[in-house]
Structure formats: C-alpha cells, structure tokens
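Scrolling down, you'll hit the structures one after another.
In what follows, chain A forms one complex with chain B and a second complex with chain C.
Coming up: the complex of A and B.
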C-alpha cells in the first residue's frame, strides 16, 4: 500500500460508515495538523463515531502538531466519538507520552487493532447524515 | 614611483633616523599615507603625554622627504603663543616652504624662512600659477580682516595644491593647542573641516585627553567621521627594551641588561624619557652599565636636564605666574603625598588662593597633560614615577628651599634604594596570572568543576602527566557555567587599600551576569586574587584573604559576589574546608593555567579539530525539516543511537519553530551551528529580532502564545509553548541566551554508546 505524503482520509471497509481513518502524513506540524483537524471535524460532522489517525510513515511530530492533535481529541470527545492512533513509531510514542497525549487517546499497532479496540468500547450507531 | 631605498637624512627629526626606534608600525602607517592608493584617508593620532608623538611625525617627515617623487610631506606644529590668525599664516608659510623644498629636492630651504614672494619665485613653473593665486587669496582675506576666510585660505592650501597636481601628506602636531588660541573662529574645528573636505591625507596629532574635543569644537555633529584613530601609548616592555638597546647601540653608549630593564621600568616605557636619558648619556660620556650610573644621570635630568625643562615648560604654560606656580608645586606635592594622591577641590582652592574659574583652567591644563585628573570634587595627582620625582625635587628646591646638594644626594640615594623594588615589582607583574584577562574570557563558557575546586583537582590529577590531565578534563561531565563578564578592573581601582596587601595586577574585580538575561537578579561580581604562598595555602591565610575580599565587597556595595582564591601550590585540607564553607572557589596555579588554556580564543576549535558545520535556513515552509535531516546525518557520523538521533532532530525542530515564532526576525533566517566534540554534539540555534523569553512563555503563558493558539487550530487553545520543555527533556544541556539583537539556544547531547 502506497503511503500518502499528506493527511487524507479513507473509509475502512470493516466499519464502513462508522469509523474514519485519517492519515497523518510524514511530518505533523501546524499546517498538516490543521489539515488533520479539518478532516476529522468533517468526518465527525458527517456522522462518523470513531476516528483512527494513522501515523504510518510519520517521521516527525512537532509540539504544535501535538497541541492540534489534543484539540482533535477534545473535539471528538465533545461529539462523543472515539479516537485511536495507529502505527505510531516508538519515538513519536515517547513524544506523546512526554506531552501527556497518551493519557487522552488509545494507541493501536494497526488499523485492524484499532477497530478491535473501538468495538470493545463503542456501540455502533448509524451516521447522522445531513 | 617613490624611491623607497633613498637614504633618510635628518631634516626635522631631533634625533638621527638610525636612532629612532620602537615606533616602526606607526611610522609605517603614517608614511603609507603618501601612496596614491592610500587615498585621502586621514589619521587622528591620539597621544599619551611623553609618548614621543612629535618625534614620530618629524621622523615620518624625514622619511617621506627621502622618497623622491612621491607626495610632499608637510609638518606643522601649533604653538601656544599663536593667535588663530598667526597660526594660519604660519601654516601657509610652512606649507609652501616645505612643498617647494620637497619639489626642488632642497631641504636646506626649510631652515631659511623665505618670504611668500621668495617662495613664489622659487616655485616650479608648473606650480607658479596656483601658488600665486593662493597667496593673493590669502592677502585679500588679510586685508579684508576676514579671519574665517583667512583661516580657510591657509588650511585649504593642501586641497588647492592637490587640485593642481601637487599632492601632500599634511601632519599637524600639537593640535590640542588650538583650544587656547585667541581669535574669532574655532581653529580646531576649521582644521578638522579642512582635513575632512580635502582629497589629501591629514595626520592630526595631539594629546588624547583633548584632541577630539578641540577638533569637534562646538559642533553638534562630530567632524571626525571617517578618520581612523591611532592611539599612541607608552611602549610595552618588550618594545621599550628594544628602543633602549637600539638607541644605546647606535649612539655608542655602553648598556647592560639589568640597567636597560630598570630604565624601561622607571620610565614606564616613555620613548621621550628614554631618548632624553640615552642622549644625555651620550653627551656626558656615561656608560649605562650600572644602576648607580643610571640613577646619577637620572637625577641630573630631574634637576636640570631635558626632563626637568620639559616639566617646567609644561607648568609654565599652565601657570605663567611664578608665585602661583610655586603654590601649585606645593599643592601638587602635598596632594601626591596623600593616600591615592587625592585631595579635595576645596583644599586646592584654599591653598592656591585662586578663583574657581582660574582653578578650572589650571586643572584643565594638568588634566590634558595627564599630570593630574580632575574629578569635580577631588583632584588626583598622577602616579607616574618621573612626574612624582620631579614634583618632590622641585618642591624641595623651590618651595622648601633646601640646599641643592642635599636634594641631589637624597634623591640619588632614594632612587637607588627604590631600584630593586621597581624591578621586583616588574618581575612579579610579569609572573602574575593576569586574572583580569582570564575573567574577561569567561563568557558563559562551561568548564570542568575541578578547575575551580582545588580538592577535586588534587584528588583526580595530582602527579598525573599533563596530557592525561587534559584528557581527564575533557571527559568530565560536572561542569561549571561561568558568568559573562562585562567589565574587569584591578581590585585597587575599586578599593585602593588593597594595595597594602597585594600588587595591583594580582587582584581583579569582574562585573557580569551569570545568566543571559541582563537583569538585577543575575548580576554577579567575581573577585579573584592571587595570593602568595610557597606551599599549599593554610587555613589562616585563606581566612585572612576571604575576610579581606568580603570587606572589599562590602565597602564597594557589591551584592552577589563570588570569591576566587588562587594560590600557587593550592590549599591545605583545612583551607579547602573553609573555602567550601564560604562557597568560594580555590585553585592552584596549575588549575588556572588549564583554565586559561581552555578559555583561550580558539581553544574549543583546537580541541575539536575545528569540527563544526554552519547552516542558515529561511524561516517557514517547513525548513526545520532540512535542519533536522542535516543534524541526523551529523549525529549518525558520530554514532549516536537512533533514539538519540530522533531526540536531537525533534529538539532542533522545536528550536527552529521557537526562533521563527518568537523573534519577529528582520531577516527571517535561522542560523545554526553543529559542533562535534569528542563526546558530544553541540547545536546552536540563533536568530535576530525581538527577544521573547520562551521560558516565561512556556505552556501558553505569554500573549505571543495565545495569538499563536488561534492560528494553530481551534482545539489547540492553551496547549502551546511546549517547545522549550520538550527541548530540555530531549537534550542533556540547554542554554537559552539573549544576545545582541536576538536570541541563541545552545543544546548539547552527550554520546552514550
């Protein structure tokens, strides 16, 4: 599977209509963070109940990126949606731990593992289309 | 093309060119002005008294005169008896005489004082027209009684000559005397203007305490812009020794090393005094091979020789009245006898019986010649040994009216008794560690803590070969961050009584900051002293010095103080205990030598083999990634572990973001240095612009952060400003410094394999 260079979304076939996967891209900074935030907001507004943010190929996350990710978690909480981070490399995990982000979000090794985690906690509900 | 091989003959020089020594660099600089390529660049020659500036200019003249075909040298000295108009007239006359003499290659003309009409006739045909016009302009201004026009016509002559192809180098001596000339125009300012406007190089020389003021006059805008200042100080010991040797050898005066060194020390490197003495030895046929012969000659000079005449002439110039001058001698002598040579202005007024304005004029004269310093409320007689000897002798002869034979005998005995002390002081000074210079180099550098703690150093390195000590110091991780010193001076400058306990150069006071923020809380004063002890300094001696320095700090009102004691062989265990109790540093001479080597300019580059990369990136467009990839490559070369490499990259990214966000940088650039040292990588990130302390802005406390919060993303509100916290966590050492016009972040990561 080709990894995208920038954040974009994909529908997960296993939970179509309920879980959106957002790719973080290779560098999570202010610009790409805002892109992730926008994508997530749009997904939530279109009825998705869970977000998987995939960090595969993410080389660096800076502190602005982390602050935006925390904002995404806040937004999701307000919408009673769940967020899971997947494919986060060891260094980025350490960074998230350092900045307290791991206290607010579940981490999974892959998207499949993320779906499994989500199914444990969330009862599926239909998307609220506009 | 000037013929540089032409033999210089004495024309204006008071001594033969071959006897002139010790000012080679200055002579070269002045004579180089004659080269066409030098352009019109002018020199401001700020001289200390008795530094030999007039002879330097006269020798320059002779040397330039010998360079046939080049620019014509002009030497003119202002005279204290001149009015402004007289000085201008004399200058024009001197200018034309010396110009014609040089162009005719006839130096004898200079001594003949031809009239302006004579000069017109003697001028080369190509010069005739402009010389005639110049003379006419001058005469018209004189007839009109227009002083300004006359002064400008005279001092504008070099420019007129240059416009007609007669290039000159104009050397004006004793320019400070322009201050006291009677006339309607400010002569100093007119000279400065003539020099600034001419396409001809000028050398404006005079006493350093007055020259710039005289040339600037009352103008609000400095007239000296673009002039290069050349400071003529007394000679350093090495140069002065060479001067004594050369002139004694050329004059055929026998000299030995001991006497040579005493001459240098007693005359404090003054070329004027040295030359006067050797010439006196030549004339009297005296050999300078013993202290006794030298001091006899010196006393003769003081009593009635060239040195005596020079001081007398200066005093006569300042105070023409004989009675008042005698009074002045008395007051100067009494003041010199006080502690520190100081006395209150009121005492001077009472003793001299003069009006305040007259006292101010007298003080101005003494101050300009550095015979005394005027400090509004008190007067300080200068401490120069020759000046003080002259005062003592003159006081006894002229005021106390003691028999001359007695004064001669006493002075000779005293100077002979003083000679070994003078030399001993010189040797001690030479051997001193130059603590002031060392403190100046601190500049926030980090040094192994063992270098300032004798016990640790002794425990780790006593008996260890020097190379191993160096390696050991390199490997130490317990480091002390030194302050940045902004001013150093001898302790005696702050607290003269300390001189009773040690030589001036052995105790230094350094004012500085121990953090890059120039704030009250970071202000610190270091007082360092080199104490004399053949063995390890004991507790009692250490206590005496700690108390003494604490008293200095108290007397001077220093608040935060670090004391540093240096004893040649270090400190006993009991003394170390006391040093630790008082939180003072203690070091041996060896430690200080290691410290000096580490703080020397270029020491860091030497220790790392100059392994440094420098990079400059524009702010924005994710350029921090380029920096991160660069540092990754560098860290890989150093065999850092992947985890550490990621930490360095993240820290660098944060530093770049910080620089971009907080600096309001005018050039929008981030400057980076990556220095590879044996066991660490030092990354420095700096930027120009507004200084916003990221420490204060951590976790979104600053307004700057709040404004960025909105930009970062809605959800990010209140969560910004983690950059420095992250950097501190990821790196081993982090220093945030304010620097001139910006900030600098220095991050260090140690190599752990």
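Coming up: the complex of A and C.
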C-alpha cells in the first residue's frame, strides 16, 4: 500500500483507504477500551496505515483505558502505522503528557489537523518526538 | 500543588479505586488479574508488564496476565525461594525479605521486563510477582511510583492469595469426594463378597441374595424412594441372610423338610445377621434392622420379635417380599418354582398377613410396567428368565390384584 495521497484524502480526508477514524466515546474504561482496541486492530489488519482516535466528548480516561491505549500504540508500531489523537480535552492532554503517551502519538486539535500531521509523517524524515 | 502533580495524584488515586472495583466485580480469576495489570500499567503509563502467580508446590511462577509481550503469556519459570530471602522476625515467624527476594526473582527472569520487580507477599508467603517494563515517558521509576506499585501490588497479592486458598479448598473437597467414592466402592465390593459367601453356603439358592437386593431396589424405587435410600435397601437385600453364615451348612442344604430343632436353628439367622451387621458403620440407615426383621409378618406371627404392622420398618417389609418372591420364583431342593398365577394367588392370600399390601402393590406395578414395555431395561423379566411372564393373562392378573389391594380388599381384611 502507498503512502496517503494528500490530494485524494483531501476530498474524503479521513475515511479513505489510508486513514481510519475511531471514536473514543465519552468514557474510556475497560469496556469501551476493549471496543476501541478491537476496532483499531480490525482497521490495521484490513490495511489502514494510520489511525486517528477522536476523543471528542471524552470526559475521562481511567487507568485501564490508558493501558489499552498504550496497547493500541504498541500494535500500531508493530504494523508500522501512525497514530494521532484528536479533540483531546485539556485535562486528558495533561494526563497523556504526564504518562508519556504523547511521546508515541501525534496530537491534533481536529481531524483536519490530524490529516496535516499525517502528511508530515509521510515525509522521509521521522516525525519529532517519535 | 502544581496542576501536573495534582493530575498525577488524582490519576493514581483513581487507579486504586479502579483496581478495587475490578477485584470486587470480576469473578473470572484470569480476567481479574488481567484487569489488575491494566490498572498498574495505566496508572504509571507502562507498555509492557506481566503478573505471575507463584506455585509453591511446584516451585514455579506461572504467568496469569501479560501485556506487550506477544500473543501468549511467557512460559512458566522455575523458582525456589532462597534462604537469603527469608529470616525470622521478632515474633519467631518466618518473613520474606522483599529486596533480597526481588534480586533472586530478577536473576530467575532475565528475559522479561524488569524496570520494576514487585514480589507479592501475603502473610509471609510469596504468592506472585508483578514485572513492569519502562515507562512510556522514559523517565526512571521514582519513590512515589514504587510506592504506588507496592500499594496496588498488595491488593493484587491478596487477590492471588484468595484464589490460591479457594483452589486449595476445591482441591481438598475434590479429594474428599474421591476418598468417599473409594470408601463406598470398597463397601459395595465387601457387601457383594458377603452376598456371594452367603449364597455359596446354600447351594440351592445361588444368586438369591443378589436377586433379593435387585427386587428390593426395584420395589423401593417404585415407592418413590430417593437414590441414597434405594442404594441402602439394595445393600440390605444383599445382606439380609448374612446370619446364615453361622447356621450349620447341613441344615441350610438339607434336601428334605427339616425337623423342629433344625428349624429353630435356621430361624436364628435374622437375629444373628443383626448381630453381625450392627457393629459396622454402614453408609445407609437401618441395614442391621432390615436383616433382623425380614422374617417378621404383618400379622405378628413372624420371628424373631413377633412385630406387627407398623412396628416393622417399611424397608424390612420390602426385603421380606423380595425374599419370598425370589423363593417362589426359583427352584428349591424339594420343589420346582411356582407358576406366576400361583405367585399372584400367594400375594393375594398373604397380603395383610405376611406381606404389607402397599409393598405388594409396588412390586405388581413394577412388573406390570416391564410387561407392558413401559420401562427399560426389563430387570425383573430378565431375572425371572425367558417365558416366565409371557402369558397373555399376566397384565390382567396384576391389574386385578392391584385394584383389589388398593381398595383395601385383602383376604385378611375380609376375615377380620
């Protein structure tokens, strides 16, 4: 599979064959975490090269949720896929920074911004902080 | 407190609550441990880790949960608690030295993530270990992190310990059950051996004890007895004539009608049987009494005690009928067995005198069900041999007698 085609994904930016969006939901705990992990696995197995996990409306991420997200990062790395977290609230960003998640994923304000970040990933030089 | 520090403390505090919830609400042990590991990893932002329980009997760590270490859990690791890790505390109790233990475990598990190795010790016993890889932040573990792992570890340790206790309890219950089954099998074998010994002594009644056991069992089941009681009455049937072991073989095997003196010698066998069976701790109730009373009669003209009606336990009444039924339907030294019509006549004549009518009804019903093909296997038909119950009149004879006895219409009643 080729790297994301910017011109093409711009038309249908995040559901194109290269980038998949998964919504985190309002509370990331064991139950929803397992659902997120399952969806991410499926997307990666069916050939997507990048995952955007959208935290719009996510109030809280508990410890199990954090662990599952770390697991998703692990799986993505094994498949050489990129992960971007979008729409993360201030409190959760702080938590992700504190726990080191932000060192392994890109953070973006929105799905559109994520697309821009992903096009940077497509560049030959490795992204910062990775 | 700065914001980030506050966030960290709150997250750790919430993790402890998450752990409590998982341990309390998850009934599946492996899932519980897996969730507990998630909590620890999520509390500190760690990608790789594992929890193993320690099996002291087999001296090995068995991994129950792992994360970031491949699809399967790591294989078991042999581990023996070295003496360096144990010492006696002031109260004389053996204690495990956590840091020495940690070193030993680290040495035993060289290929696994070991940024933090937390032995789980509950009441002086090693119950497991938590292994943690590096933090996603790449920062080293600080004192607070270690304290958090220790706190979470205490709860996980208790979870492992409880699981171990539960398993030991199950194991012991299983062992007891097996022991009980073995004892019961030994008892049954002994009973069968005795029955064979009794029947050996009486060459004309080969298999009598076993058949009386079977008939008693069938009648009791027809009367609605439970499995345990049915097993008991079968044993009573097997052993009812055990007293014959102390009666002179020549009297038992006499090919002619015995005289009065010989008869009173033979009649000792129910009381003798009672004395033999009484000291034994039977797993069923009233076995000795059923042997003692199997020659008692409803009308009080039996022996050894001349009991009447309800003074005789139902079990003994069942064995009495089973005994007589087999005597009538098998060849004896001085007479051939009776035709089934004659057996029915005997039942009719003796119900309310020698036999309890409700027991006669039960036996008739059981035979009727077999003859009509309502039950399989046909045990009575098989015991009586081919052809014995084949007459077309058999069902009608049985039905007629059942109706009479159910109406309380016995010859004994008619003659007051």
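Quick notes
What we mean here is this: the second predicted complex is superposed on the first by the 107 of 130 C-alpha atoms of A that agree within 3 Å, B and C clash if a C-alpha of one lies under 4 Å from a C-alpha of the other, contacts with A are read in each partner's own complex, and residues count from 1 in each chain.
In this text, a residue touches a chain if its C-beta (ideal position, glycine included) is under 8 Å from a C-beta of that chain, and two chains touch if they have at least 3 such contacts.
Being a predicted model, the structure only gives us computed values, none of them experimental.
The superposition on chain A brings chain B into a clash with chain C. In the superposition on chain A, A:114 contacts neither chain B nor chain C.
Of the two partner chains placed by superposition, A:52 touches none, neither chain B nor chain C.
In the superposition on chain A, A:71 makes contact with both chain B and chain C. Once chain A of one complex is fitted onto chain A of the other, the partner contacts of A:30 extend to both chain B and chain C. Using the contact criterion defined above for the overlaid structures, shared-chain residue A:103 touches chain C, although it does not reach chain B. In the superposed model, A:21 lies in contact with neither chain B nor chain C. Once the two complexes are overlaid on the shared chain, A:44 sits clear of chain B and of chain C alike. Of the two partner chains placed around the shared chain by superposition, neither chain B nor chain C is touched by A:81. By the document's definition of touching, both partners, chain B and chain C, reach A:62. Only one of the stretches 113-121, 599-607, 653-661 or 743-751 belonging to chain B has C-alpha atoms clashing with chain C in the superposition, and it is 653-661.
Taken together, the two structures place residues 29-30, 62-64, 66-68, 70-71, 73-74, 91, 95, 98-99 of chain A in contact with chain B in one case and with chain C in the other.
Residues of chain A touching chain B in their complex: 27, 29-31, 33-34, 37, 60, 62-64, 66-68, 70-75, 90-91, 95, 98-99. If you check the complex, the residues on chain C that touch chain A are 3-4, 7-8, 11, 14-15, 18-19, 22, 35, 37-47, 67-68, 135-139.
The residues of chain B lying in touch with chain A in their complex are 622, 624-625, 628, 643, 646-647, 649-650, 653-654, 657, 711-717, 719-720, 722-723, 726, 729. Chain A contributes residues 29-30, 62-68, 70-71, 73-74, 91, 94-95, 97-101, 103-104 to its touches with chain C in the complex.
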